[in-house]
Amino acid sequence: MSAREPIEYDDATPEVRAVFDDIKRTRQIKDVNNFWKYLAHDPVTLRRTWESIREVMTPGALDALTKEMVYLAVSVTNGCGYCIASHNAAARKAGMTDKMFGELMAVVGMANETNRLANGYRVPIDPGFGR
Amino acid sequence: MSAREPIEYDDATPEVRAVFDDIKRTRQIKDVNNFWKYLAHDPVTLRRTWESIREVMTPGALDALTKEMVYLAVSVTNGCGYCIASHNAAARKAGMTDKMFGELMAVVGMANETNRLANGYRVPIDPGFGR
Amino acid sequence: MSAREPIEYDDATPEVRAVFDDIKRTRQIKDVNNFWKYLAHDPVTLRRTWESIREVMTPGALDALTKEMVYLAVSVTNGCGYCIASHNAAARKAGMTDKMFGELMAVVGMANETNRLANGYRVPIDPGFGR
Amino acid sequence: MSAREPIEYDDATPEVRAVFDDIKRTRQIKDVNNFWKYLAHDPVTLRRTWESIREVMTPGALDALTKEMVYLAVSVTNGCGYCIASHNAAARKAGMTDKMFGELMAVVGMANETNRLANGYRVPIDPGFGR
Amino acid sequence: MSAREPIEYDDATPEVRAVFDDIKRTRQIKDVNNFWKYLAHDPVTLRRTWESIREVMTPGALDALTKEMVYLAVSVTNGCGYCIASHNAAARKAGMTDKMFGELMAVVGMANETNRLANGYRVPIDPGFGR
Amino acid sequence: MSAREPIEYDDATPEVRAVFDDIKRTRQIKDVNNFWKYLAHDPVTLRRTWESIREVMTPGALDALTKEMVYLAVSVTNGCGYCIASHNAAARKAGMTDKMFGELMAVVGMANETNRLANGYRVPIDPGFGR
């Protein structure tokens, strides 16, 4: 089967179905996103990626919304079209308002700008920045 | 004066001093970071960048700590050494604990990984992602 | 002629046709990819890029498949949609199986993740890494 | 303990030591790299990253040398200084010769160049590229 | 109103209209680009971004064409599809010929290539480069 | 000889010396930069890269200064420390003043910012952008 086609639940092996089931249970959704249906072409990567995501995205010292917004910020910086769409949706679901989205994009934009100003001016690190 | 030397307050023009004074007042610090001392070679960019940063980083729908952590996430993704050091310091000052830092880096790492998995598998955007 | 249209063989200058002919002969294909048809708007860049690619991609200490997979890994990291599609096709032609593709993406994903962990934790280079 | 200091084996918790021990056993080395000593500040990320790396880097459809060279190619593309040094060392250990290194860099360089030519000329994907 | 829909002049608030009017007046165009119609969802970012762009892109020590070509070079390097299309259009309007475009892409391509060769060979900075 | 040491003229093979001689003649300099001394570990890449650079950087529709500034803009965007230092030096030699440098960095900064705003707001390309 070609990697250019999603693997639907009904066509999946028991190993893949077990991951799909866990995603659906954890996120309380009816069907998994295309991302998982494509990764399913490599069941080992599917399982590892899901288990890593589940561990990393569980609320801890940072809440779910903050984590989703950081995910979106990275995806926007990298210009990953799929990830921008999917993590925008996830951040909205976690409570990101239009106003939060606007401020998030403003910070991401400024950070990308000043990262290059610091590069271009070859600014040496201040001794006081510490750890 | 070469762009490879910082401009200290005592050597700065009144225009540059006015920006330095506003940075120090706003952030309640005794001296500005190297970033500003290098940008001071171009007073127009210094002023515009500071005014933009001040507007963007003021707490609003997102609080100061969230904004600093997003700034750090972008800087880490771009690999800007100066910005990683300076925004790590700023995020710590705004309240980022070791535990928050660890979770932030975990999210940034996973986002950079899955951005490439989505690229490589050429995953099409799910119709349901909406706006 | 606009750079937004491909230049087909029949419309090409002798200079461009000579490059197209060499690509077709070297790769044993009937027609060149869009990449070359667009580069043909600048015959100097077309020729230099083809000659460089031909020299670089010729099997040597690394075989053709390894080189195509590295090309794909870079394109996935940069998020170049065209290059991901074309070098995936080229790597498949050179022998990349579904299983190899899966492992390749897994390595590319992990490398992009740990690159950022190393950036974020500002890990100093071990003295033992040598040359 | 600050994230800016490595955690040595003697100062590590049993949880961290268990990961260090597994790294040393798997790679047959006497001490782990700085990368792991810094990640040790977040034992959860340390464990997950190591287990992922171990799974991904185990020879399978791709051999150990190919995987290390791909890792190096990604690190060079991203400009991660630490990762370039560490994965150059790892690739050398896995058998990368000077000649292989030279060809690898040549491919990485060309891929980064043609990625941008494809972007700039906005080349549409050829229908024939398939999956 | 969703961020996934452009805000047209007739639906805009007076605050947004004032920015749109200034863009149209400054650039002597009948309607603003989609970029501004989407940014209009966040009037503060819309205004700040426009004022910054207007200040930065005004001819000074560098003329308008040079600035637009640099903008295009950065957008091509980052792989931003929208920005490549819009700044290609802007550079054409400012006088970029097909020949200039070809040479610009050639430089952008080579810079992206040699940036990685310098990374990969870990070339130390020459003492003589000065400021 | 390790790739971590520069190859000096006196230790170079005739093939490498011929390239070094051509660089020195073309640029009217007494010694070549470290970049070339490291690339000399792979004489094929050394020769091809130099011939490509010589062809691309020769003044044509774009003058030498514009080309060097574009090279610097790309290097700053990618965060390549060596390339920023070397192409800053080259641009200065070609006539870049402090004022030009300041405006160049301002454009590079804004482009990196608005690239991400366009990504984040997922702005669709205007029909009127044409070729």
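By written order: A, B, C, D, E and F. Residues from 1 in each chain.
By our rule, a contact is a pair of C-beta atoms (placed from the backbone, for glycine too) under 8 Å apart; a residue touches a chain by one contact, two chains touch by 3 or more.
The shown structure was predicted, so the numbers you read here are calculated from the model rather than taken from an experiment.
S.K.: Can you give me the shortest step count from chain A to chain D, moving only between touching chains?
M.R.: 1
S.K.: Among D-E, A-B or A-D, whose interface repeats B-C's (more than half the contact pairs identical)?
M.R.: Match found for B-C within D-E, A-B or A-D: D-E.
S.K.: I'd like the Å distance between the centres of chain C and chain F, where a centre is the mean of that chain's Cα atoms.
M.R.: Going by mean C-alpha positions, chain C sits 21 Å from chain F.
S.K.: Using CA atom averages as chain centres, what separation in Å is found between chain B and chain D?
M.R.: Computed from C-alpha means, the inter-chain centre distance equals 27 Å.
S.K.: At which residue positions does chain E touch at least two other chains?
M.R.: 3-4, 41, 44-45, 48-49, 52, 56, 77-81, 85, 88, 99, 102-106, 108-110, 112-117, 119, 121-122, 130-131
S.K.: Chain touch graph shape: choose line, ring, star, complete or other and state it.
M.R.: Shape = complete; every chain linked to every other.
S.K.: So in the complex, which bits of chain F are touching chain C?
M.R.: Answer in residue numbers: 2-5, 44, 48, 52, 55-56, 130-131.
S.K.: Which residues of chain D touch chain B in their complex?
M.R.: Counting only chain D, the residues touching chain B are 3, 41-42, 44-45, 48-49, 78-80.
S.K.: Okay, in this complex, where on chain B does chain D touch?
M.R.: Residues in contact with chain D: 79, 98-99, 101-103, 105-106, 109.
S.K.: Chain C touches which residues of chain B in the complex?
M.R.: Interface residues on chain B, with respect to chain C: 72, 76-77, 79, 81, 84-85, 88, 104-105, 108-110, 112-117, 119-122.
S.K.: Looking at the complex, which residues from chain D come into contact with chain C?
M.R.: 3-4, 33-35, 38-39, 41, 45, 49, 52-53, 56-57, 60-62, 66-67, 69-71, 73-75, 77-78, 80-83, 85-89, 92, 97, 99-100, 102-104, 106-119, 121-126, 128-131
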